């Protein structure tokens, strides 16, 4: 019976191989396909600096054709449209979006927006969107990171917003565009040199150094600006409290990427000749950087989330003992207080926030993170895409931006957000020395956002290509391995680091 | 004479001796058996003991205690209630009961449809003879060896073309139920059983003017009920353990318990530690395990003879 | 019901197109109400024949008639036969009662009896039309059967022709041509059938059949109509009262009985009869007939072989088949039970007088209960007739050898103008042999065919004496015997045999048969 | 032996199931075969690309992580399947030869079968857990019991260690079904064989090897075949036991299936312009053929050795 099966399969396979003969065979050196070429003129350096907005060359090849929206297009308010918005927001944020949808419905009664939380993390969202693109059931608007957008771009799925932005009636005026924080705005343009805009900034954050303010005051520490300063403090603490772990860093991924930037160690970038994204982190500068932190971890001065049994390091921080400073996302600012027991809070536990320390003061760098919103091309259904655009525009409005930031700690993405009544009221509520956890949170959030604004010139993002997210998670895992590795001696450690770097690199490019 | 008697006694004595030896050997063997079984049983049971233990610990204990506790420091049965009340941000505020409901629903229909189709196909393959039967059976056997992931993507495209993916309605259920409704493994198992039902019964039924279909349901199915019960259990288990496929196709509201068990209970709402609240997780696991355990205890007899049948050559 | 087999042939084609002819041109008629034993060594095609009669197998050629109805094309259930298998094939998961009920449950009694009743009603109401109509129905069905038969015969012929061709085929054009031509002619034939069928249909169809039918129905409706309204009302009333919900039909019928018009009374009766009860009663009756009424609630596994056997028979008979088929029904029973059940079967068969075919390889069995036996070998009939005749006048060597225990003894001999001699001793002569001469014949002698006689012409070397119950048999040897030892049954009065002393015997003519050695044909 | 006039009926029984199978099994299967051969297949546009060649296959066989994944799979297959089978057989036989407590034991041994595989995998993970930095979290059960501080499943766990845990888990979770099947089989063996053995005063082990195993051999071969097929597809077990929630499974711990999932998750082309997706498909196909070969081997061997 089963022998028959085998024959049957064998035949099937034979026929396939016959097909093979009929088919064209690949020339040895073949140029990469569409997406890669489009980015080929992209700046050669390892990361696209955002503070200095890249020069636009309209003749450069476009990653996707700009959708042609005639200037005289008018919104057809008679026919109903339904647009889908996929995201991964937590409950509270989702509630806000739902509120916006109802408000938006009042403005445009004929547009129905269906928001949906399709996954737990952005990669999963991207997977779903990718699959839905294959199946032709993709949403109109999706929340996500640039590398996902790059992924969609392989199917020419993202909608180029340029003509929508430039539309006299429904678009954005120049000052409206300038109202966006330049760095964030530029990110939407970072996919090619033709100035194609594929995304609008949505919820943005960076990493900040959160420290136990009273404790610092008590021992007369100044807020550290470099890692050396930070670890000097850490050692001092350690000398006082032997079982303390003075400093925590929540995201290993971020630590590696940011530190690499600060150490001026290549991480990822675009190959100058082929123009394809490439992985570069396997170099000595990066290894030195890793060794620097590994040393601190070994000396019990530092801990990361993975080393903390997958608990945010703020977890220990909140106990007002052992851990007195940590680097976390400003998006989660409030968690510096949330969960801290009342007794701790009443005992005078207060949190301060500062920019991320850097290796040298000359080369500060701070990762800029947080998802954007991207529109997806819906064939030639202009009205539908216009509707989607309008909602996107609405969500990124000053009012909304402010509304979204205050509870979360994400920074408003538009300057005018700070002029809104809502923001003013919020500012008014902030008290100099809060006595309730809620007040303290508000104060801290405000400080975090200020920090965000003041340092936005130090923001950077990494190159965006089909392996970038894989690289990101891999370097994180790499860091954890090395930190957790129990080295016999210097040489052993070096060899281990080398092998691990090598493996990780092979793994990613393979 | 006396000597003889003495001899006899002696022999009897030796005889007793033999008996004793045998008895002790027997005893020894039993002791061995029971110790072996008990040890194995212990090994098997430990994870469950642990599951229960954790499921009764307080959140504070699972998050902050610095050494394992073999019994809950603070006995907190309320976990079992909280599992249902707990709506973690990570799950977009869809609570456990919803997932349980989905699972039960899906399990019900997959079992119903799946078993029904398995019976039909197995019958056709085992009883009726028609051109190309062997070919079909061969192909089926071959597909039994396919790793499921070879099918995932194409199937995803198919179901989404049918508009079932992330559908906010029964569509999501269809997407979870339909694609893997027909299980070749079960067909195989059932066919083996059917094969063993003597042909004469079929001829007799024919003579009694019984149609094929009626014969299937009135004679074959009752005779194969143990195998069918087994299939049902396997089906339910399948749904209970379904992970990847349903996670891909169904949107949050329509996913099944496994997803919940794995990715929910991430502690963001309470203390923001970002850790998994294992006590809730385990409580939930216990909740989904118990009904199946009862099911088994209830059907033990059938299941046992059922699965063993499947082994016999057909 | 008489069963007629017309040159029945069954050819099994295995995948590698090896053809085995299980039954070959078998012709036979089973008289109505008789019990016929199909007898033969295993693999002689007797079971195949039985299964063809049952409809589980379809013949390759030939026809099967129940009475004058051609059932060749009919499926088992349509033929209305009862079949008892060698291993009884009882449904293990059903109780004895359920087993017996099973056939009844399958034959929609209600529908049938309503139809019959309606027919009667029609005859009662509008005899003229009814007569015409039902006549037409009858004729048309038989016509259909006829053409079905014709077609299938033609098909069989066509296929056999194709087979011939494919055999003689030498991979050349002509062969393929001939096949195509055959196909063509076959097609034409079918066409002709179709045409002539339509024509004949025309003939038997009474002019304005429609009007007749409608007339008939109207007449019926005319009577039924007023009653129907009544019926509705009554039903409503009953439904209002919950007491009636349980066993509704019963109450309903009770209420209807007085008001139902005479003409359609049976129809309504048939409609509201409690068929469950009827089936149940029939099952019980059957159980009584075979004597297992006290086992009804047991599962087959709990019964002895003999009881299972009876259940099987009951199940076969319960739907009152026209023909009862038994496939080696006794072979699974021990010797004593076998005798018992044998009688039992005979009794039951006589009691309901059903035409019965009984397949066995045990000649004693067959001979003891059959009204008539058919001996088969190599798929062909060897001899048939009343058991005793067959035993006394075997048609050929096979039959003679197959029947009778101990087996008949064979001697090598010669035939010199009418005289049969063994070792130059004339042992037998017969007028029927005239003055034939043949130097090689076989002399078959039944064990009881010897007589001690000083002047006997046959000299035997005794070996020992065997006593089986009352009869004593002498085991002896003879140089010309086909077997090393021969058995002789002596009548106990004359046996003064001393060991190792030659004895002389005479052959009884009517117990002695002469066969042609080469063909096994019987000479005398 | 029954002559069938109409094939049509049989097809009616198969109609719907075959239809479903065609859409959801045969079609994707064939498509995957094709994708694995079109080395520039673009999953997002479902565009097969220009080239029909075996590059995807060469790529995966030059990928040490695929080889590594295969090795992991094979280890799981060749350790856990025989081990669990033998263990299950022993347990079943012992269970079968005791009277008191039998049912209770049976139930206990069946429990793993009805628990959610993933969840219980996580229990194992917790039991073997080990904090990378002292004093931030508790040692797992095992480390506590044996007074060790070994990383069994964490990022620094050595191959031997995490494999041990995975194997323990896979064996553990494979036991119940097998025990069940064997007990069923043992109960079908008629007592008389054993009585005969008693009369011949055959020693216990001889009874086992000469009677029990031969008579169980059809069931054993069935178990082997199905569980080989099953464990070749292992993935969730590893993921849940030695993976961490929220992080992708460590590449060194991949099984073949994990490899497939990773590759079909990445879009676009690798440095040699071979679509990752095609590579995933190729890996799946390779796995498929390996499984098939092993199944035939199994069947062949069982044909030789099984007494039906």
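Going in written order, the chains are labelled A, B, C and D, and every chain counts its residues from 1.
The rule we apply is simple: a residue touches a chain if its C-beta (ideal position, glycine included) is under 8 Å from a C-beta of that chain, and two chains touch if they have at least 3 such contacts.
Here the structure is a predicted model, which means the values were calculated and not measured.
Of the other chains, whose C-alpha centre is the longest way from the centre of chain B?
Farthest chain from chain B, going by C-alpha centroids: C.
Sort the chain pairs by how many C-beta pairs are in contact and tell me the top one.
Pair with the most C-beta pairs in contact: B-D.
Measure off the straight-line distance from the CA centroid of chain C to the CA centroid of chain D, and report it in whole Å.
So the centre of chain C lies 56 Å away from the centre of chain D.
Taking the mean of the C-alpha atoms as each chain's centre, how many Å separate chain A from chain C?
A distance of 87 Å separates the two centres.
Just give me the whole-number Å value for how far the CA centre of chain A lies from that of chain B.
That pair's centroid distance is 42 Å.
Which whole number of Å gives the spacing of the CA centres of chain B and chain D?
The computed centroid separation for chain B versus chain D comes out at 15 Å.
For chain C, what residues touch not just one other chain but two or more?
Only 56 qualify.
Can you list every residue of chain A that touches 2 or more other chains, as numbers and ranges?
Touching at least two other chains: 2, 5, 9, 127, 134, 309-311.
Among the residues of chain B, which are close enough to touch at least two other chains?
Chain B, residues with two or more chain partners: 139, 142, 153, 157, 203, 206, 263, 276.
Would you tell me which residues of chain B are touching chain A in their complex?
63, 87, 89-90, 92-93, 134-135, 137-139, 141-142, 153, 156-157, 160-161, 163, 165-166, 168, 248, 251-252, 263, 268, 270-276
Taking the touch rule as given, give the residues of chain A at its contact with chain D in the complex, in rising order.
On the chain A side, the touching residues are 2-3, 5-6, 9, 12-13, 16, 19-20, 22-26, 30, 32-33, 35-36, 121, 127, 130, 133-134, 151-152, 154-157, 243, 245, 297, 300, 303, 306-311, 316, 465-467, 470, 473, 477, 480-481, 483-486, 506-507, 509-510.
Provide the residue numbers of chain D that touch chain B in the complex, in ascending order.
It comes out as residues 1-2, 4, 7, 9-11, 13-14, 16-18, 20-21, 23-29, 31-32, 43, 46, 87, 90-91, 94-95, 97-98, 101, 103, 105-120, 122-124, 126-127, 135, 137-141, 144, 172, 175, 177, 180-185, 187-188, 204, 218-223, 226, 229, 232-233, 236, 240, 245-246, 256-257, 260-261, 264, 277, 280-281, 284-285, 287-288, 291-292, 295, 306, 308.
Under the definition above, what is the set of chain B residues touching chain D in their complex?
29-30, 33-34, 36-37, 40-41, 43-48, 50-51, 54, 65-68, 117, 120-121, 123-124, 128-131, 133, 136, 139-140, 142-155, 157-158, 178-182, 184-185, 187, 199, 202-203, 206, 212, 237, 240-241, 243-244, 257-258, 261-263, 266, 276, 278, 281-282, 284-285, 288-289, 292-293, 295-297, 300, 303-313
For a test of understanding, state which residues of chain D touch chain A in their complex under the given definition.
Residue list for chain D touching chain A: 33-34, 37, 39-40, 42-46, 50-55, 63-65, 129, 131-133, 135-137, 151, 154-156, 244-248, 250-251, 265-271, 273, 276, 292, 295-296, 299.
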